[in-house]
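In what comes next, chain A is part of two complexes: it sits with chain B in the first one and with chain C in the second one.
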Partner chain A sequence: MANIAMQRIRREFKEVVRSDEQSIKLELQEDNVLSLTGYITGPEKTPYEGGRFHVQITIPETYPFNPPIVKFTTKLWHPNISSQTGVICLDILKDQWAAAMTLRIVLLSLQALLSAAEPDDPQDAVVANQYKTKHSLFQQTARFWAQTFAGAPGPLNPDFQKKIDKFLEVAPRADRHTAIQQLSNFDWNIDKAIEDVYKSD
Partner chain B sequence: MSDAHTSSDEDDLYDEGDYYSQSADIESEATEADIEAYHFECVTPEDVDKLFATAVNDLTDKLILQEAGVARMLLHHFQWNCQEVVERYKKNPAQTLALARIRSITVSPDNNNAHFCQTCFQNLRSGEFRSLDCGHQFCADCWTAFLEVQIGQGRSTEIACMSQGCDILAPMEFVLQLIAPKSALLEARYLQFCRNDWIRTHPQLRFCPGRNCQAVIRVEQILAKRVKCSFCQTQFCCRCGGDYHAPADCETIKKWITKCADDSETANYISAHTKDCPMCHVCIEKNGGCNHMQCSGCKYDFCWMCLGDWKTHGSQYYECSRYKENPNIANESVNAQAREALKKYLFYFERWENHAKSLRLEEVMREKIQNRINQKVMAKEGTWIDWQYLLDAAALLAKCRYTLQYTYPYAYFLDPGPRKELFEYQQATLEAEIENLSWKLERAETTQRGELGNQMVIAEKRRSILLKDFLSP
Partner chain C sequence: MADASTRSILCRYFLSNTCRDGDQCRFSHDRTTGIVDNVCRYFQKGSCRYGARCRYDHIRKHSNGNKELISKGRQFKNDVNQNPHSAGPMDLPQYSGKFLTTSDVSSGSTSSVRTEGKSFVDSVRGAISKEDAETARLAGLPLCEYHMISGVCPDKRCRAVHGDLCEICSKYILHPHNPELNTQHQKNCRETHEKYAELAAAIARSAKLQCGVCMDIVLDKEPELSRRFGILENCSHVFCLTCIRRWRQVKNVDVKSARGCPECRTPSDFVTPSAYFVEGGDDKLALITGYKNALSSKDCKYFNRGKGTCPFANKCFYKHALPDGTPAPDAGPPTTRRRYDANGHFQEFAPDMLVMQMYDVMMPSRDEMDSDFSFEYSFDNSFDFDYEDDDVDVTDDYDDDDDMSPD
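Moving on to the complex of A and B:
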């Protein structure tokens, strides 16, 4: 079984390397064919534009008859991706997987997911709720995350910056990541975000 | 299925012999008027296979199909309703095949690529390629590996084409051809999974819920009736697969069991085994099924349920099974209402538990009766046949108490009103007769045989009246 998986991955790897698509990339992790890193660039006209996002790809022994296990290692603000763990909710990585699909298709599908979220089938309920009820705030937050974690260009939102600094003043034990996560979770309402941190302590 | 072994027929024969055999089964008294009567067959997996094969052959003949696989998939999809399949197929064969995911309406995949396998990315000779009716070609090795994974994950009748977005199903013959040469174990597992899937969609078949039991129950129509597996002797409700629960229905008993599981903490407190004698306050352990207690110290007769004087329970009106709701409840505070709700639940739960316990104790008594009969026969006090009525009485007692136990969940969920009053009246009279029977049976040596016989008839009458009035057919 693993034989078919190895063969497939080698060929798929070549396919992605050879193709001149700039927006996706695939790398082997330490010579182990069953563990790879993928990169996708944020699609144009989305808050993710210009960002470079890493995904960790684990190939099961039963590949390609079972889907690869894929999750984001770059932090990302998106309704179908967990803002905490990077776990992805995408049908082709679950029951809609077909043996004839490839890692290239997976990466392109992830890119498509960044362009068109499915807030009604969320992985992260907090993000999905913000997406549906405060869409412009969602876009600003997603942009801020892309700039902070994925190297997307442009000046950072000064209002968000100020709130992060204030948050870190009041909760000195928290780090910057926690501050961003907390504030984003509470729609950048600093009082609620801080209150929640102390509640969970 | 005429050649299949049908155990209910065998059971009937067996039951007639019961009068003289060891296990006294009152089922033989079942008549046409018996509301609990239910015809069922208990069959083996091999019988089920024959049943499916017959149905498939039938349909293949009727529709003049080339492949049995198509007939099987059609039947499985349409819940083995042969008539419906025939009607649909005659009206629109293409649409019917598409509905059952056997053949898609638009078949046009390109076969030009038949030298390149889309799964392993290898160029191969075309002879090694296989496809389902959709025409999506993959090499035989990939198919086999794919099928192994699918079967390993418990799939069988739902295995579909490997191509993206194609939902055409793999016929059994296709799967077997590829996996049979590879592994006999895999083949056996696949066939077993298929059979299980078919049984699940068949409207007249049910798995026996008994542990490790392979038997299948076959009925005309699945109803909430008692079924007894003739292989493992498990008795269950044919509809929900749980313990038989007349007069309560499947939904009621499910609610009740869930509730009992939730409230197990409070239930612990009430399942204490002892109570004090209301007269002399000596601690009494209940060691028999009968609720008519007599204190061994002061000889006071009392009721185990309410601790009241048994005399008031005697022949008149047995009220111990009736829960009296506090009439002022609407005016009480929320706390008091909660207390009242708990009190109400505990009242019913205590009785439910108590009868379950009595059932277990009476099972012990039945063994004792068996021993006593053996002793008597050895001592030449009558023949074995002479004493069978005692075992018959014990079996009837168990049957009646079982129904009585299940009247409590039913009553708990009944809305107050005349119907509930009638139910509780009948429940009370049934309970009174059962306690009477239990009392007489425990003292069978000093009770007249005729008296015991009368009591048996009365108790069963009460039981059947209650079921007739309250068990929905």
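Moving on to the complex of A and C:
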């Protein structure tokens, strides 16, 4: 019954377009109604503030009886979102989905997830661990990621910048993304990060 | 010429207005007092060519003087009382033979002329004056059917009464000489009218309602068969039947979510189909009761008249009866067993689950029958009555067994 899915998406698309909410946006991808791009802006008073995050939304044929498949295409440092793949751990996108939910609700829920993480039900264990044990470092890292990947305003953390440059000197084959990922994973401990790179080589 | 023995018997020719003897007739020409003779003379002589279809009574006289009724003829009708036109069904109750039967029609009224079993004439003979008799005679006359429907009667010689217009049903059905009958008709008419008005209002209220799942306006859906609401027991959110049923059968969502309302997650055990939306209160209660009653008259296909076992046991909405119609003995409440699987996880399973799974494998063609069967058992402890691939509808005809055909 792709029909219901198509009709629903068309309606929901209009709903989001018409609504005045500035913080969420929805776009169709290549004329395919079942594949969309969503944008959310980072909520205020969070490390993600001012950032613009892209999510890729794939609508299953069985929508709305099954949830849409949503993942972040913008890299993001968050306990419930995989820093590598952008996969989201959110109950309403899994077994708590309800057929009356719409894409608008999904986007707003993602926004809510950014402002209220659930470190006890993590998608990315490393991030969750940092969130729980070194919260201020987590916030700095998340901010750095948001500035680097999601265009959040403000000066970048100079300490982190230096470490990245140093990392790239030592491991010239790695690119900047890898450097950030690697350093973040090791709580910006450059020695451990580099050691890990060579270990895996 | 006058013969005392026949003087009290009503003249048959007079009744059909064909008696040529007039005052000289040996039989009574008084409809109020004459006794109706309804015995077939041909049968008395030994043979009546009409047999059982004869309009007169076939009574055999025994040598000992007793009479035995062989076949009852049509009630000997006072011909004026017969409709002069076709004998089609009338909206008014049919007059049956006896001279006046207003009592049949107005039963329950306080009329003093009401009689039981006996003809009106017998019971009040001599007690009423000529004018009363005339009024009563007029009141007993049937209405002309042609005039009743269109207000025009093509038959110039029509001997039936031409009624007055009832403004509710737009028929010329009010008897000019029988107010009692009119009151009765108007009462019925008003009740019917109110019922239709209520239904129309309910449908009008539902006209703009949108299904929370497909977001279509339910009463505008195509095909027409899908224009039905699925009413949840414990909340008042609007869904079309197809969507809510499909939602409740969704498999890779948490079973508690699926059994809950897609909007508010309030769990409901079953869905009631309805042609219009009911918000709650008595209407909803009546709808659900009607639905359950309708289901309970249908044989349960799991129980299969005693040949199978129904996992819903005594909680099943469908009829559990043996082939001879006797209700099956109470099977007790549905049972689930609990066990721990190899990983130590707590599991619920029905005793018949393994059997059912085998059944699925053996008879794949019947998978739609078991569609939500293995599903319900592989999950939760709560017993559910979503027996939803089979569908009985109280508001529609029982025509929608294909409703849940796989998409």
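The definition used in the following text is that the second predicted complex is superposed on the first by the 201 of 201 C-alpha atoms of A that agree within 3 Å, B and C clash if a C-alpha of one lies under 4 Å from a C-alpha of the other, contacts with A are read in each partner's own complex, and residues count from 1 in each chain.
Here is the rule we go by: a contact is a pair of C-beta atoms (placed from the backbone, for glycine too) under 8 Å apart; a residue touches a chain by one contact, two chains touch by 3 or more.
Since the model is a prediction, treat every value here as computed from it, not as a measurement.
S.K.: Clash or fit: chain B and chain C on chain A?
M.R.: Clash: chain B and chain C overlap once superposed on chain A.
S.K.: Would you sort A:F65 into first (chain B), second (chain C), both or neither based on which partner it touches?
M.R.: both
S.K.: With both complexes overlaid on chain A, does A:Q161 touch chain B (first), chain C (second), both or neither?
M.R.: neither
S.K.: Please indicate which partner A:Q7 is in contact with in the superposed arrangement: first for chain B, second for chain C, both, or neither.
M.R.: A:Q7 sits against chain B and chain C alike.
S.K.: With the two structures laid over each other on chain A, which partner does A:D95 touch: chain B (first), chain C (second), both, or neither?
M.R.: Touch partner of A:D95: chain C, not chain B.
S.K.: Identify the overlap between the chain B-contacting and the chain C-contacting residues of chain A.
M.R.: 1, 4, 7-8, 11, 62, 64-66, 98-101
S.K.: Could you pull out which chain A residues touch chain B in their complex?
M.R.: The contact residues of chain A facing chain B are 1, 4, 7-8, 11-12, 62, 64-66, 98-101.
S.K.: Any idea which chain C residues touch chain A in the complex?
M.R.: 212-216, 237, 243, 246-247, 250, 252-254, 257, 260-263, 265, 407
S.K.: With touch defined as at the start, can you tell me which chain B residues reach chain A in the complex?
M.R.: So the residues of chain B touching chain A come out as 118-122, 138, 141-142, 145-146, 148-150, 162-166.
S.K.: Under the definition above, what is the set of chain A residues touching chain C in their complex?
M.R.: Spelled out, the residues of chain A in touch with chain C are 1, 4, 7-8, 11, 62, 64-67, 95-101.
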